[in-house]
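What follows is a set of structures to go through.
The two complexes that follow have chain A in common; it is paired with chain B in the first and with chain C in the second.
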Partner chain A sequence: MSDIETPVTVRITVDGQPVDARPGELVIDAAERAGVYIPRFCYHPRMKPVGMCRMCLVEIDAGRGAALQPSCMIPVSPDMTVVTDSERTRKAQEGVLEFLLINHPLDCPVCDKGGECPLQDQTVAYGPGESRFVEEKRHYEKPIPISGLVQLDRERCILCDRCTRFAKDVAGDPLIHFQGRGSSTEVNTFPDEPFSSYFSGNTVQICPVGALTASSYRFRARPWDLEETSSTCRTCSVGCSVTVQSSRNEVLRQNGVDNDAVNWGWLCDRGRFDMESGRSDVRLTDPLVGGTTARWSDALGAAVAAIRATIEAHGPSSVALLGGARLTNEAAYAWARLAKGVIGTDDVDCQLGDGLPADLVLGLPRATIADACTPKGTIVLVGPDVKEELPVLYLRLRHAVVEDGATLVELGHGRTGLSRYAARTSYAHPGGDLVERARLVAKDLDESGPITVVFGRTSLAEDPAVLAEVAAIFLAKGARFLPALRRGNVFGALDAGLAPGLLPGRRLLDDAGPATAVWGSTPAAIGRDATAILTAAAAGEVKVLLLVGADPVADGPDRALAETALERATVIAVDTFLTESGTRADVVLPAAGPSEVDGTVTNLEGRVQRVNRKVTPPGTARPDWMIAVELADRLGVEFPQDPDALLAELGAVADGYADVASALDRNPDGVLVTGACPLPATPTARRAPAPSGSTLRLVLTDSLYDAATQTAQSPSLAPLAPGTVARLNPADASALRVEAGTVVSLASARGAVDLPVVVDDGVPAGAVAVAANQPDCQVNRLLDATWPVTDVRLEVRR
Partner chain B sequence: MGYLEGFAITWRKFARGFVGDDIVTTEYSAGTRSGRHDEKRPKPERFHGRHVLNRYEDGMEKCIGCELCAGVCPARCIYVRGRDNDPADPTSPGERYGYVYEINYLRCIHCDLCVEACPTEAITESKLFEFSFTSREDAIYTKDELVVGDDGRPKRLPWEDWRVGDDEFTSGWVRATAPQGSAAYENRVAWSGELGYGVRAPEAGQASESATVVPGSHGHGHDHAHDGGHH
Partner chain C sequence: MARLEPANVEIAHEIISRYPRPKSALIPLLHLAQEQDGWVSDEAMVHIAELVGCTPAEVIGTCSFYEMFKREPVGRYLVNVCTNIACQLLGAEDLLHHAERTLGVRAGTTTPDGLFTVEDVECIAACTEAPCLTVNYRYFYKVGPSDFDAIIADLRAGRRPTRCAAEPGEDGEIPAHGTLHRVRQSIPGDRRAGNADPDTAGEPAWLGAGGAS
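This part shows the complex of A and B:
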């Protein structure tokens, strides 16, 4: 919605009272703002009106006499008179409801929507009370699963067009549609094509009846069982506003809340349904020491003993911390202070070598989502497939291009979910001419509107230093940047200082500011990043490795390196599940999950929002901040003892966070933290060797459903992981004589994996695109994090 | 002076208790005077006793796990959770069945609002109120204990004192006189058949010409009043 505030208003009369409406505003919206609710089913404020349901008929007189008109289709006009409570309106509403109920089965007792159903509620409020329909109602097979996540009950459908409009206009996945005519009209998928949209859960949320229900919530509770709290989704870094609903200490449902700055009420299916993992039976409930269950005091004691002994013997830089991008800001700050202020190491990284240099992210001028979506602006996409990694950002960018006339220019290594909306795409060969292409693209940019660069890793198998060069090119054009890093609260972790060379508040180590006073000391020298930490651990230089919600073995780009590192170092893992890295840890501390802690998170814009605790953690699991506070206590330093106090201390050391707590109370939609650290000098990327004829260059991408802990532990989402395939350009496929489905072996100098081939003309020639972190394949066996690019040989398996 | 006049009634009633038959209270058992302490008095037809969960004539459970009983319960003593019926081996007609059903009799006040709320006549009350427990676990009746047996009669638990007649008239038939409250349905039988009893005959005042009274038939097939509950 691009409603630009203008002082001009249109004076109309609604039920006798004068109302100042905005020009172009629909009567139904103007009336609602004035406190007059007009009943509706099909109208949704975030979608274009269609006037399907006729429930919003009211008497509108725009100068030619009062007539019943659908208030969702009529924009206000000067001196318009609207009557919503007349006898005629009442009769129309009763008639519409009686018609709608003719074929509605009234199976409210077994329907998941019963109790929170707009049809039920509005029938009570506006309905006739009696039906004259005594004939047999229509019957369909039900429920039919239209995707792995959504079930369709066609008997209940009132044909309001909300789900189909959402799929077509908002998500751009027109996979469900009206079929048939007249009384046999039904919503359905196309034959043999499931409703496999990443946004299918939204249709369940906006369905005004129980026609679309979510498999994960089906029959689990009734609305009156549920208690809810507002919170923020932590699955990716977009930071969608949600309401978390639970019953009997179990999170059962997560719905989107309309936050005008961020998600507009939408959620992706991963964010909506991965709360299932919270109630998993295999959650960590007790600490483990050496693989056996231990008491907290013993586990913390073992961890502290290891840390203390190592510091004494080898100095603070023999301790390193990886992770923190899944924590709240408060927990990230506590861990940052523990590592940098108490232990004294700067070998801290919240990214696992699959992100961008922290000082680059924090140094570039930041854009908001609204900046990026400015009508008639220019969006340059240099980075991952936004649809796969930051799905709700995809919805916003798509809307900006399709509805608001923004121009999208895409640079990368192959087709992404946004490519079809791009005015211009430029696909570089990995390790090749991305910088040159960026220069060409930048030259032609329309500079009359704002330029926003959505900026992230185009391939995890390529040196990110290339991207610093690309950023410099667009920076010279006056662009602002929306960094597209995916992990839940990676921006909060960066703001809290969980990166080498950084301190809280986007400060560099040599400009420590108030942190020195509060902490007592800060690290003297800039530490190592994730790859260097793992390399040092593998070499025996880093003796103790703290993994805070990080799984470098499965989720990092270089599996072999992580395995060696974890083998040699003493590993202390804090996590909600026993991950692959956790099984290699010496001490495992169980942490509370997303809906089990209070705190704040920061999204990719720098917007701070609250997360709220809804359920208690399983077993003896503790919030991450509390674990850091306990460890610090045992190391002789007293930290603030609760999230509020931690946030207050973060505010004392980080300028942007100074008054965040009170600002959040005034503005629940979030508070933007601004400010940037000095931009680092643009590094020169290591030049990749020229591609040889016999190898293909690996492009490592992410897909929405992968083997990430929460997704893999959510029964609804785990089966949706697409599995790994080797996507090849048709030219390469024919040159190599492979067809779709052929199983090939991809071998790098590091290792080999077997994959089936998919021929895809969206992949540049000479490259092979593979999804990372899929449950069936350890693609990260192929990579060496120190290589500028990864070349693989492709052999056909016979 | 006025209040002494009130006591006059008290004293008069007290005195008459010794000389006449003007006793308005009844004893719990059939009476100490007659020596039949162990005999229970007959209870009214619509007495609110311990609940039962009924089944259809084909053995399917009537409960669909809709939680309306739990929602209406003023004592909040009912806990229900629904679940998907296995299409190959359904527990109840339709998509959903009551997977968990618990009533906490330490809290229940036998108000019968659950019975009023039930859309399928699944929960009704028997005449039994003589049950006592020695543990909290026993006081929380589970679905296994509440659901009627294969003969359609309530299960008799060790701590309950069932006598002849206590398990009569436990079904929805007892209350379902005219659920719609509409005169147009006055003479129709609007309740479903039950395991062990079939479709019960109309009550006094209702016409017996109703064609739906077919003992032994599938009860839920006739249940037009509750179209939504089962299919």
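This part shows the complex of A and C:
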């Protein structure tokens, strides 16, 4: 657990060897640290021990004579003697295994767990070899789906309570439970209430038998056929440590790896299962020019010709780049240098108008996840629904509140997944008094412990300038900030300089540092952000638009603007799939996906971790860094030729990244990059117009499962997208005479969508909350990215 | 069948307020549901979950642990025939077969008119009076086939069975399955524990106020 620093002061003896243990440490852990592995099923180092399985019985003498005791339940005490290999211990282990196997079907040949099964392995190592049980075993229907992702084979269950403890204590979703009694005890859900937790895949990983299996992996491989590599999940910015397992050049499974600083071994289901999209047969495999398949040399030639001609005719700022948050640090750096050092434009943005100003994110004093989770500290949540956007961060914050006495205070525009753990919630009307509320909340904060603000967009339909004011309030209280931007490697992209006014290493343009020397030149003036780039493209000022893993049409806040921009500009799109924006592109370059490239990524704390290639990309798709290197080459500049060399060059221009490669070799859990750029002056947010009585104010939220390509292209996850609904406060619903299920039309000055109503007292009165980017609805038709807030008129469809 | 009726929701709230943690009220609430419907339906479990703030899976976890909570409808009268060793030696199996034959059902099932469910049960702690059975947990001692027929005939006719053990204060009435008692426990508001986290809350009012008079 996180008590690594605790001194080892308790001397015990394990199998005759002296062992120094930490006060309070469990015997099973102390023995393992000393190299003595005690077999176990129910004990899991990230969950409270329950002593369910008795497999860990060893002889423990704490002064009153040796007795068989479960080593997962007994903390060390001075002069304790532990014997793990005595005749009595062996007999106990044999007995426990014989009992566990009484009702076990032993269908190993058709069980996914076979070959990596603790029950199988420990039976071989510690079991009696033969069973005396001749009676009929219990039988159940095999297997039953307990969710769209997880199947349960009750016959195989040894009732270790790991999955049920995980669901209740770690995820806070007790949707599976022991049912029945005695030998007919089983794990199950309530009838017709599936185990629809965002974290259900973890139960498959920690089940010590094959009782819980993942639909996406069932019967696809045998463990001994799998090859694996360690890597980092890139689906959101938490950056969970994973092991990627493949067979025959297909990624088949992704499991969590315990990184004490980040994910504690857990993954969310989106991050675990969206690797399915890698093997999709609609992946882009060849370049497209004008919609038809082309050779790489022709496609790159067309792209370079367009860029060169535009620069010559209209200057470098007629070329702009959007995206980069999907890339590795190396690729982000290559694209940043291509745009800013070679083309010479500063019109570059890795966020699509759905994030925060880069200098604000990089200027605020940064907190780590561990800082945020300090026992008895204070967490202020000003931002998105962490459960929906940064799920494993949700687990860590939840743990801090529930187990470690941290206090959570929530500010925003409505109930989120964390609200039930909040000591105080304060929900503002969008465009209303968020700043006032922040002041009130800040006044009452307990300043005796650390204060961490988890900081992001509270609504995608509101001008983020208001958040800079909120940040300033908490900054004055000495708070640190954990930025909650969700796009995979957005923090790596920012550190590489993929934002207007920014250079690699959290430097501003006017303080370029070594980049000028290495690159030859840096842009002279601060460029435009995503909204301004798209506006300029729509006005014909930006003539070439590079989209690097960006889909502003579907995935940006202002659909109409993006559509016009893409229509007018020459578009060069680099992506793994043909997105809505890609279909409008003149040149499309197929990119390698996650698990198909080597490199590093940087998470929301600023922690750099490695991603490793496990499979080769489909068709002729190439890594993003290579595409940038080739474009640069054709524009007459030679870039470093591989990820290691790119990282080395990033280290040369960005202080924090100087020795990252060697530091990563020493510390595979990641290396924290610190340092901040000067904090911008707090802008005054444009005051939103007073709400009119006849309209509702839009709160645009995100859901874990949305229409993002990787999710939508993963067959297990695509059906889980909840779809779009209009969530209304009960007072508004009754005033407007609508009830749950009524289909209404929401119309802004920009556009209209039809949605069913859900009545939800977690939405503030006068607001309507709608999830963005769901597969069934183009909510971003309602928005104009330049409005401070979005007001919509609600009408009942007849 | 059904969620709790409004009157029972009132009672449920009173029951919940007796405990520091609402979830502690699960078992009395399951009894309340069983009293209302004669069994515990899925809808009732969902309703109880809402009332105590847990998930239906947690309610069914508790409910399914106890044999006496029926999660399928049973007859108005639940006839439990003991076939454990003492009763068995004195003819309990013949009694069970007699019960099955005369009622036309197998143990574990219910007569089509919904009046009787027969169950074969383990020791019910009346070995000195073997063979014995209970009807809705009211005891009948030293029961032979003709005694059994008389009990059934009385119940069918709406009479109080004559052979019902006349414990002090009992009048032989056998209410429908699910009814635990005729006098419902009621604790005045000022003597209830009240919902509060016992780890952080102070001493409950009733402890301090000389409640143990």
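The definition used in the following text is that the second predicted complex is superposed on the first by the 792 of 798 C-alpha atoms of A that agree within 3 Å, B and C clash if a C-alpha of one lies under 4 Å from a C-alpha of the other, contacts with A are read in each partner's own complex, and residues count from 1 in each chain.
Criterion: a contact is a pair of C-beta atoms (placed from the backbone, for glycine too) under 8 Å apart; a residue touches a chain by one contact, two chains touch by 3 or more.
Every value quoted in this text rests on a predicted model; they were computed, and no experiment measured them.
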Touching partner for A:Pro143 - first (chain B), second (chain C), both, neither: first
First (chain B), second (chain C), both or neither touched by A:Phe190: second
First (chain B), second (chain C), both or neither touched by A:Leu106: first
Touched partner set for A:Arg218, first chain B, second chain C, both or neither: first
Partner contacting more residues of chain A (chain B vs chain C): B
Touched partner set for A:Gly114, first chain B, second chain C, both or neither: first
First, second, both or neither for A:His177, with chain B first and chain C second: second
Chain A contact footprint on chain C (complex, rising order): 42, 45-46, 54-61, 64-67
Residue ranges of chain A touching chain B (in the complex, touch as defined): 105-110, 114-115, 137, 139, 142-143, 218-222, 224-225
Residues of chain A defined as touching chain C within the complex: 173-181, 188-191, 193
Chain B - residues contacting chain A, complex: 64-68, 70-71, 81-84, 94-96, 119-120, 227-229, 231
